[in-house]
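What follows are several structures.
You will see two complexes here that share subunit A, one where it goes with subunit B and one where it goes with subunit C.
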Partner chain A sequence: MRARVWAATAAVCMLAGGAFGKDVEIGAVFPMSGTNAIYGDVFKSGADLAAEHINADHMLKEPLKILYEDSQALPQPAVVAMTKLVEVKQVPYVLSAFTGVSKAISTLAQRSQTVAVNGGGVGPDLAKLGDYFWNVIPLANLEVRAMVPYLAKHGMKKVALVYVDDPLGQSILDELNANLPKVDGKLVAELSVPTSTQNFSGIAAKVRASGADAVYIASYGAQQIQIAKQLRDNGVKAQLASYSGFSTPDALKLPQAEGLLYTTQAVNYKAGDKVTQRFLADYQKAHDGKKPSAYIVNYYNAVLLFGILAQKLEEAGKPITGANLLAERKATKSFDLVGGTVSFQDNGTLLAPIQVNKIVDGAGQPQETVDIN
Partner chain B sequence: MLWLQLTLTGLQTGALYALTAVGFSLIFGATRVFHFAHGAAFVLAAYVFYWADTAGLGMIPGIVLAALAAMAFGVAMDRLVYAPIQRHEGSFFTVFVASFGIGIVVENVVGMVFGRSFVTIDSTLSQSRELMEGVYVAPLAWIAIACAAVFFAALQLFLRRTHTGMALRALADSPELIRVFGLDPRRLSSIAFALGSALVVPGAVMTALGSGLNPALGHHVMLISLAATIVGGIGSIGGALVAGFVLGLAENLALIAFPSQWSEAVTFAILFLVIILRPAGLFGRATAH
Partner chain C sequence: MEAYLLNLGVLVSIYAILAVTLNFIMGYAGIFSLAHAVFFGVGAYVGAQMAMHVSASLFVTIPAAMVVAALLSLALALPALRVRGEYFVAASLGLQMLAITVFSEWKGATGGIGGLVGIPAVRMFGEDIYRPAAFFPLAAAVAVLVLIVTRLLVHSSFGRSLTAIRDSESAAESFGKNIALIKTISVVVSAALAAVAGVLYANYLSFINVESFTLNTSVLVMAMVIIGGTGTALGPVVGAALLLILPGLLSYLWFLPQTEIGAIQQIIYGLGMAVLMIFRPGGLVGRSAGARKRRKRDALKAAAGQSEARKMEGAK
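Moving on to the complex of A and B:
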């Protein structure tokens, strides 16, 4: 009798173990703690919804599971997290975010032939991180190229830049320097701040003294909101402008951010395709009718992209590895993702039109769509 | 007018630094405990005030609750963390590590309760008005400077004119002598923690109203407090006050001469210079061991 009980227990354990072991696992290196944790929650909601849809549709032979690791939006913890995902969990596909983090993990991705997909970082350098690093988000150079003509068209040619002293901020500085002269504009002040700075009243005084028509804020997380608030509180009346990093719920609802212009990729929610409609309906159902941000779309698309590629590999009888995923992406000309049919450039970055939005009553209102390509 | 604007901004920043640094200096001066969790007391007070505001309790009850929370935290740290370590003759380093750890725990607990994103209280007090052409000052700036003056004066009166205050000053020099006089060093230590922690409240409230909060704020507060305490002279409360203003002014006036990313580095350049040129600090007493 005892032997039978042991045998049954062992069989159940083996079956259960086998079932869990067969999950198709991908990784995600998101900020889950620290001042940028709000982004992690946003990114996760998009990725989880895509996994839910992939599993509901049985796109893959076994359920898809996302293993989340905390990057704190910092390169060093991100490399530790990526090492765990690649070396221990041996995932073929990792979601990444933030420019500094993405650059830090890209070497490991390239070396281990693991696909890393960024849907949140917008530093232009992210287009140059090798075959195994993809971007499902248009990068900041495209965003600046859309914002600068828009500002000039509305008579704002003298621009001050308040930027975080990191690769993202530096790239936006370079883009403004390159693009403002094309519209007879000028960068009248460039004020860099360390990532830890929280007091911007002195910066506001410098901005006012510069006589800028518009102030471009190139930071992220809590800091960018503090900059917007303190600029307004300290008498800066110039138009505020920023990039897609400003499209977080906290930033949008800040009273001092009312009227701020920011760019995002243009997502056509009115596209009649099933993918977009299903995403929109299920997201709004789960979030009290709230409209999803571009980040949520990006990470939904990043996971759905994996589902499409992995499904093709399974159908072809090939293992789901980073190398095979890359080969399959290169072999596929276009993908039906949220917002319509999209294609990748040779450098692994998704092409998408850019939209200039204005914050009105705590929500982004599209003003103009610019096709940069 | 940029220099005048930056001077006024520097005074406002300096007032907040001074109040926080004076609290840390009082605790360190009296007890010799490196209370790294002082920044956590700041975060706790700020978030309690924020909670009271969002709950609609009003500003004054919010300030009272924030003060009670900060003082309770300070006393709890002294009684439940530092006292047991000191009873077992734990080293300075052990106390520091324990304090650092508690700071991290508080940051995470606050993050779990209030969320990790940026929060602020919308108030007209933080909105600047044009004082003269090109010079903007928020009511909060005058309140910050007045608070620094009033709290410092009150603290000096307490330390110089009351028995408990004098005992606190004596505690730093000789806990044994305190016992000889029939006083309880443990009770005095708790008073130092309660008072020192209460001094973070004006800065915490004004930060909630002005620049806004996030749970990781404590590290910056602690760094500035530490720098001001060392620059002012360890154990010198007046020194911490002056150093707080010096650091606040330097951080802002540096914007005239240096690129903006160097303004915070100026604080630590001053710290470095003081350590090299006057190791005892601006108002510290040189000691020989």
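Moving on to the complex of A and C:
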């Protein structure tokens, strides 16, 4: 009997663990398991570094703590995780990633007045998820507007598109159709692929036949790597191009992706501002001199943004709630984040310059920065 | 905390409906389907479209979803049920693959891969029902209703025909049972009731996309049935509760790093399934291996006794 009482007490203590303490808590719904867990690790490294800096600077009265929940990059586990963060932990701010997950949690965010911040998904439909859903990442439609003039300037006016037929792929198709004529360019092939397809030899043949100067790849995860690999293996010599989804470590290291052009949010690491230099120095110190990817910057910025807003609320004597964070963001015109000073559009999406990068020796090298209006 | 538990309660209720309806064909008719998520998805998409464009009342969305799922299952069951056992599993797998492609590509109806966002909450008696505290009683009531309907069917003459087919198709046929008709009706009933779960799911999450209706979901529902107890009344409900609450419970164990919980969960599932199949092949609610052996031994003894008696009678 006594053993049972002890066991029950231990169980209650276990469940109650972490419920005590005065930390300022925010949440993160990231893929921590499954095939997309690699992204969760990448996002987490950026968010953790920002929390470390906020705490080191004592920006907030109490230490900031990020509560991570596993979304498996799927809508239903994400809703369960979000409910826990909102209802049990009562966090005012949640980091989100992946389009399906972001859409799934957006309703809960709206209803509970909790700010959800995306720093990974770039589907343009993410700009329409309500006041409480923010994007600290320029969405894919803006990225195409930077890539097209760059390609044209380098004599690549005939473009073929290989895309997943989803809102992301569709928006890239629309943007290419709208922007190529402006530079006397032409979309010579539009080839849609189902998400599950892994064999692209047929697509490669069509790309070769189209005579394209450049091939734009609009996919994600393992599939985009397969597309780049198989296009090259099947004799496609045209310039490869893509969007920020290609800036994952495994995609950059792919030998066949050498020379591929991709766009990201412009991060001017050479900028002399304190925020960028500190981020870069500390990240490289912790990761053997490795350069951070755009995703790491975005989640660092997402947490830093919370720190800035929460600090202002504390100074004004207001509680840190989702509604107050939203009001404070709307009242603040610009923010000093990694990469420079940025501002938000009315729909809660970051407006930032876009950078065209080239993969050289398995790493992205910035080529040109384009201001998007 | 209360809302979190109620939220889990809603999901358990929805998946219990799926598990109970799969158990209806799997446990009683012996039809192993790997396409149950298809009818879940059909229900969700039809329910969502009706809620977005016609009415968010369950009295409109549920009947519409049930009719569409039933018709679809009818069209598919008629040719597919001509094959038996493992061949039907393969056929249902094909259907699952086909449905995923349709869900992903038919943008007008399903929103494509992007899915449908902003599905209105259930509207009943002039109120929007979306908070876990309000939705849980509704979902639980529907789950209980589905459970009652399936129990009534199982205990009817139709249910006895189903079990006869499960135990021996040839024997049932020799007794004049119309195998194809009975199997088709059971699949239609199961699909229509699974669609109810889809409607609730779409209304509750207010967002659906193809990721919720993949083969993984079909396998998960089948695991719920097997773990809980195939051919039992409450087994599927227990299986659904266990498989949905376990991940949530694990996430509360603060000494487990969040990054490892997914892997630990998979290990627990795998080990649990293996141990269960060894010691309780009938599932948690089903008979234990020992009870099965005893029952078999008793039956053999009884048979041996009868044959002994017949021999003695013959000797006389």
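As a working rule, the second predicted complex is superposed on the first by the 351 of 373 C-alpha atoms of A that agree within 3 Å, B and C clash if a C-alpha of one lies under 4 Å from a C-alpha of the other, contacts with A are read in each partner's own complex, and residues count from 1 in each chain.
Here is the rule we go by: a contact is a pair of C-beta atoms (placed from the backbone, for glycine too) under 8 Å apart; a residue touches a chain by one contact, two chains touch by 3 or more.
This structure is a prediction, so every number in the text was calculated from the model and none was measured.
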Contacts of A:34 with subunit B and subunit C, given as first, second, both or neither: both
Subunit B versus subunit C as contact partner of A:209, first or second or both or neither: first
Partner chain(s) touched by A:165 [first = subunit B, second = subunit C, both, neither]: both
Touching partner for A:199 - first (subunit B), second (subunit C), both, neither: first
Which of subunit B and subunit C A:69 touches, first, second, both or neither: second
Subunit B versus subunit C as contact partner of A:328, first or second or both or neither: neither
First, second, both or neither for A:123, with subunit B first and subunit C second: second
Subunit B versus subunit C as contact partner of A:104, first or second or both or neither: second
First (subunit B), second (subunit C), both or neither touched by A:80: second
Subunit A residues contacted in one complex by subunit B, in the other by subunit C: 33-34, 37, 165, 194, 196
Interfacial residue positions of subunit A with respect to subunit C in the complex: 14-15, 17-18, 32-34, 37, 40-41, 44, 68-70, 72, 74-77, 79-81, 83-84, 87-88, 99-100, 103-104, 106-107, 111, 123, 125, 128-129, 164-167, 194-196
Touch list for subunit C against partner subunit A, complex: 1-4, 7-8, 11, 100-101, 104-105, 107, 112-115, 117-118, 130, 132, 205-209, 211-212, 247-248, 251-255, 258-259, 261-263, 265-266
Interfacial residue positions of subunit B with respect to subunit A in the complex: 2, 5-6, 9-10, 12-13, 108, 111, 115-118, 120, 122, 126-128, 130, 134, 136, 138, 210-212, 214-217, 219-220, 251-252, 255, 259-261, 263-264
Subunit B-facing residues of subunit A, complex: 33-35, 37-38, 165, 191-194, 196-203, 205-206, 208-209, 221-222, 225-226, 229-230, 232-235, 248, 250, 254-255
